[in-house]
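Common to both upcoming complexes is chain A, partnered first by chain B, then by chain C.
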Partner chain A sequence: MEAYILMALLLLLTIVTIAIVFQRSLFAVVILAGIYSFLMATAMIVLDAVDVAMTEAAVGAGVATVFFLASLHLTRAREYPRPRAVWLPLFVAGVVGAALIGGTYDLPLFGSAASPIHQHIAPHYLNESMGETGVPNVVTAVLADYRSIDTLGETTVIFTAGIGIMVLLRGRRRRRGEDKDDVDPGARET
Partner chain B sequence: MSVIEQFVSHHNYYVTILLMVSGLYIVIASGNMIKKLVGLSLFQTSVYLLYLSPAKIVGGTAPILDEKFQVYSNPLPHVLILTAIVVGIATISLGLAIVVRIYEVYGTIEEDEIFSSDGEI
Partner chain C sequence: MKYDVIMRIGVKLVLPFILLFAFYVHFHGDYGPGGGFQAGVMMAGMLILYAIVFGNDALNRVAPRSFVERCVPLGALLFASVGLIGPYFGYRYLDYAPLSTNSIHAREWGILLVELGVLITVAATMTSIYYAFTERGQS
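Our next item is the complex of A and B:
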């Protein structure tokens, strides 16, 4: 049953992806990307990754869509012309896709409890995390306890990105002011 | 194992690859920078699917411990992908800030027009 629901969701994801590739109105592309993220979050629930699904729905479908719409507004972008060279990107994408499909050949079967990923460290987390951390949600226990340094690194990345965005957009209001009253542009630079 | 069984069992990997390849195609082919960033986020999101697919055990449940359940899916890929989603939004928003900055300087976000006006600025 789970496999059929997943199959239907993945089919919808495929259709939305193809629509994104061919759509040339940027507003439609951004909204389709939001739909794509919601479908992906639903597929994640079917794959038992509830925490990830919640994050993807909030961040991927919510925050990312808002950011994209904001930059569409700031750049006044509506539509864009058809790409000139199609064959080179198609060739690159085809070669990469063929190599990846070759790589799936000896992957373990979907949903099997005997596949190698479930043998090594996951049983330790599932069996011991309640006693070691006292948190029933294993994902939280791993994220905030066993791999907390990893999470610290993640926060550092967000901090750095925030600094970068602030530096890039800092002068926006000042520059716009200069455009309006072009009295003495040289004096303000110093 | 027959070819059909193999296909049904691996269909989520094929969809993952299709999403990945479409993202790659958009990044290379389209000259519009916002569309390029949408392609980049498609590529990132397909990696989430690649990580979460093997973590699933059919008949298992989400890794939140309870007496009523015995079989849980693997929690480790979930943790890694939680980190990846947050890092993904950080890179995308930084990219969008760069696009806004480019628009302020060049007045366009089309790659061709930026390259052709490079000599004038």
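Our next item is the complex of A and C:
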């Protein structure tokens, strides 16, 4: 049953992705991207990854959609006409896609207990985290206790991203012809 | 959207519950899904929803832009300084042991404080990105 729900969700994801590619109105693209995130969050719930699902729903579908709409407010809401030459990009995309699909054949089978990731440290976290940290949610135990320095790094990344956006978007929008005023504010009076 | 009655009243009814849920997700992060990051995004979402319906001036009264932008480094600093408690008492960096004599309680406190730092940085970053986008070219 779970597998069928997952397949239906992945099918819808594919449809939404194709719709995004062929859609020219950027407003519709933003809304479709929000739908994509919600479908992804549902797929995460089906896979029992509720923490990831919550993040995907809140960030991908919620805040990111608002940011995209806000950036449309600064730019145009329509995509520029497609460039003539599509064969080279199509070729590059095809090669990269084939390489990725080829790469999946070397991955362990989906959900396989014998895959390397389940042999190393994950069983220790799953079996021992309750006794060692007293935190029932393993995800929180790993994020804020075992791997708290990594989480500090992630917080620094968010901080850096925020500062970068603030620096980029700070200040007045400069129009043509205003540059001269910026150089010499007193020039207008003469 | 300033004059849409249904929107204004509906949003006013919903806002406190979003905030409450954000706090629930933060403080319940040890037991259920979620944590500081998700709670921070929800809190920022609440502020952004308020700004969309009531305008940026209303948001500026609730959470002034300068205050929000100062909170961005504050959260990261809180996280890093909680880590310094460990070395001060002779433990390793980000070791929560000195926070309490009971090791479980110490971890509980340490995780809450650290996640509070994440919450502050995430919420402030998202809100100030919204400010940066919407107030560009208006000052």
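Here is the rule we use: the second predicted complex is superposed on the first by the 168 of 190 C-alpha atoms of A that agree within 3 Å, B and C clash if a C-alpha of one lies under 4 Å from a C-alpha of the other, contacts with A are read in each partner's own complex, and residues count from 1 in each chain.
Heads up, the rule we're going with is that a residue touches a chain if its C-beta (ideal position, glycine included) is under 8 Å from a C-beta of that chain, and two chains touch if they have at least 3 such contacts.
Values in this document were obtained by computation on a predicted structure and should not be read as measured data.
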item	value
Which of chain B and chain C A:Ser148 touches, first, second, both or neither	second
Which of chain B and chain C A:Ile15 touches, first, second, both or neither	neither
Which of chain B and chain C A:Ser112 touches, first, second, both or neither	first
Partner chain(s) touched by A:Ala28 [first = chain B, second = chain C, both, neither]	neither
Which superposed partner A:Asn137 touches (first chain B, second chain C, both, neither)	both
Contacts of A:Val66 with chain B and chain C, given as first, second, both or neither	second
First (chain B), second (chain C), both or neither touched by A:Ile5	neither
Which superposed partner A:Leu169 touches (first chain B, second chain C, both, neither)	both
Partner chain in contact with A:Thr156 - chain B first, chain C second, else both or neither	second
Per-residue touch tally on chain A - higher for chain B or for chain C	B
Contacts on chain A seen with chain B and repeated with chain C across the two complexes	50-51, 55, 59, 63, 67, 70-71, 74, 136-137, 139, 143, 151, 154, 158, 161-162, 165, 168-169, 172
Footprint of chain A on chain C - complex, ascending	25, 29-35, 37-38, 41-42, 44-45, 48, 52, 69, 72-73, 75-76, 79-80, 83, 93-94, 96, 103-104, 107-108, 110-111, 114-115, 117-118, 121-122, 124-126, 128-130, 132-134, 136-137, 139
Residue ranges of chain A touching chain C (in the complex, touch as defined)	50-51, 53-55, 58-59, 62-63, 66-67, 70-71, 73-74, 133-137, 139-140, 143-145, 148-149, 151-152, 154-156, 158-159, 161-163, 165-166, 168-173
Contacting residues of chain A [partner chain B, same complex]	2-3, 6-7, 10, 13-14, 17-18, 20-21, 26, 29-30, 33, 36-37, 40, 43-44, 47-52, 55-56, 59-60, 63-64, 67-68, 70-72, 74-77, 80-81, 83-86, 88-90, 92-94, 96-97, 100-101, 104, 107-113, 115, 117-118, 121-122, 125-126, 129-130, 136-139, 142-143, 147, 150-151, 154, 157-158, 160-162, 164-165, 168-169, 172, 175
Complex interface listing, chain B residues touching chain A	8-15, 17-22, 24-26, 28-32, 34-35, 37-38, 41-42, 45, 48-49, 52-66, 71-79, 81-83, 85-94, 96-101, 103-104, 109-110, 112
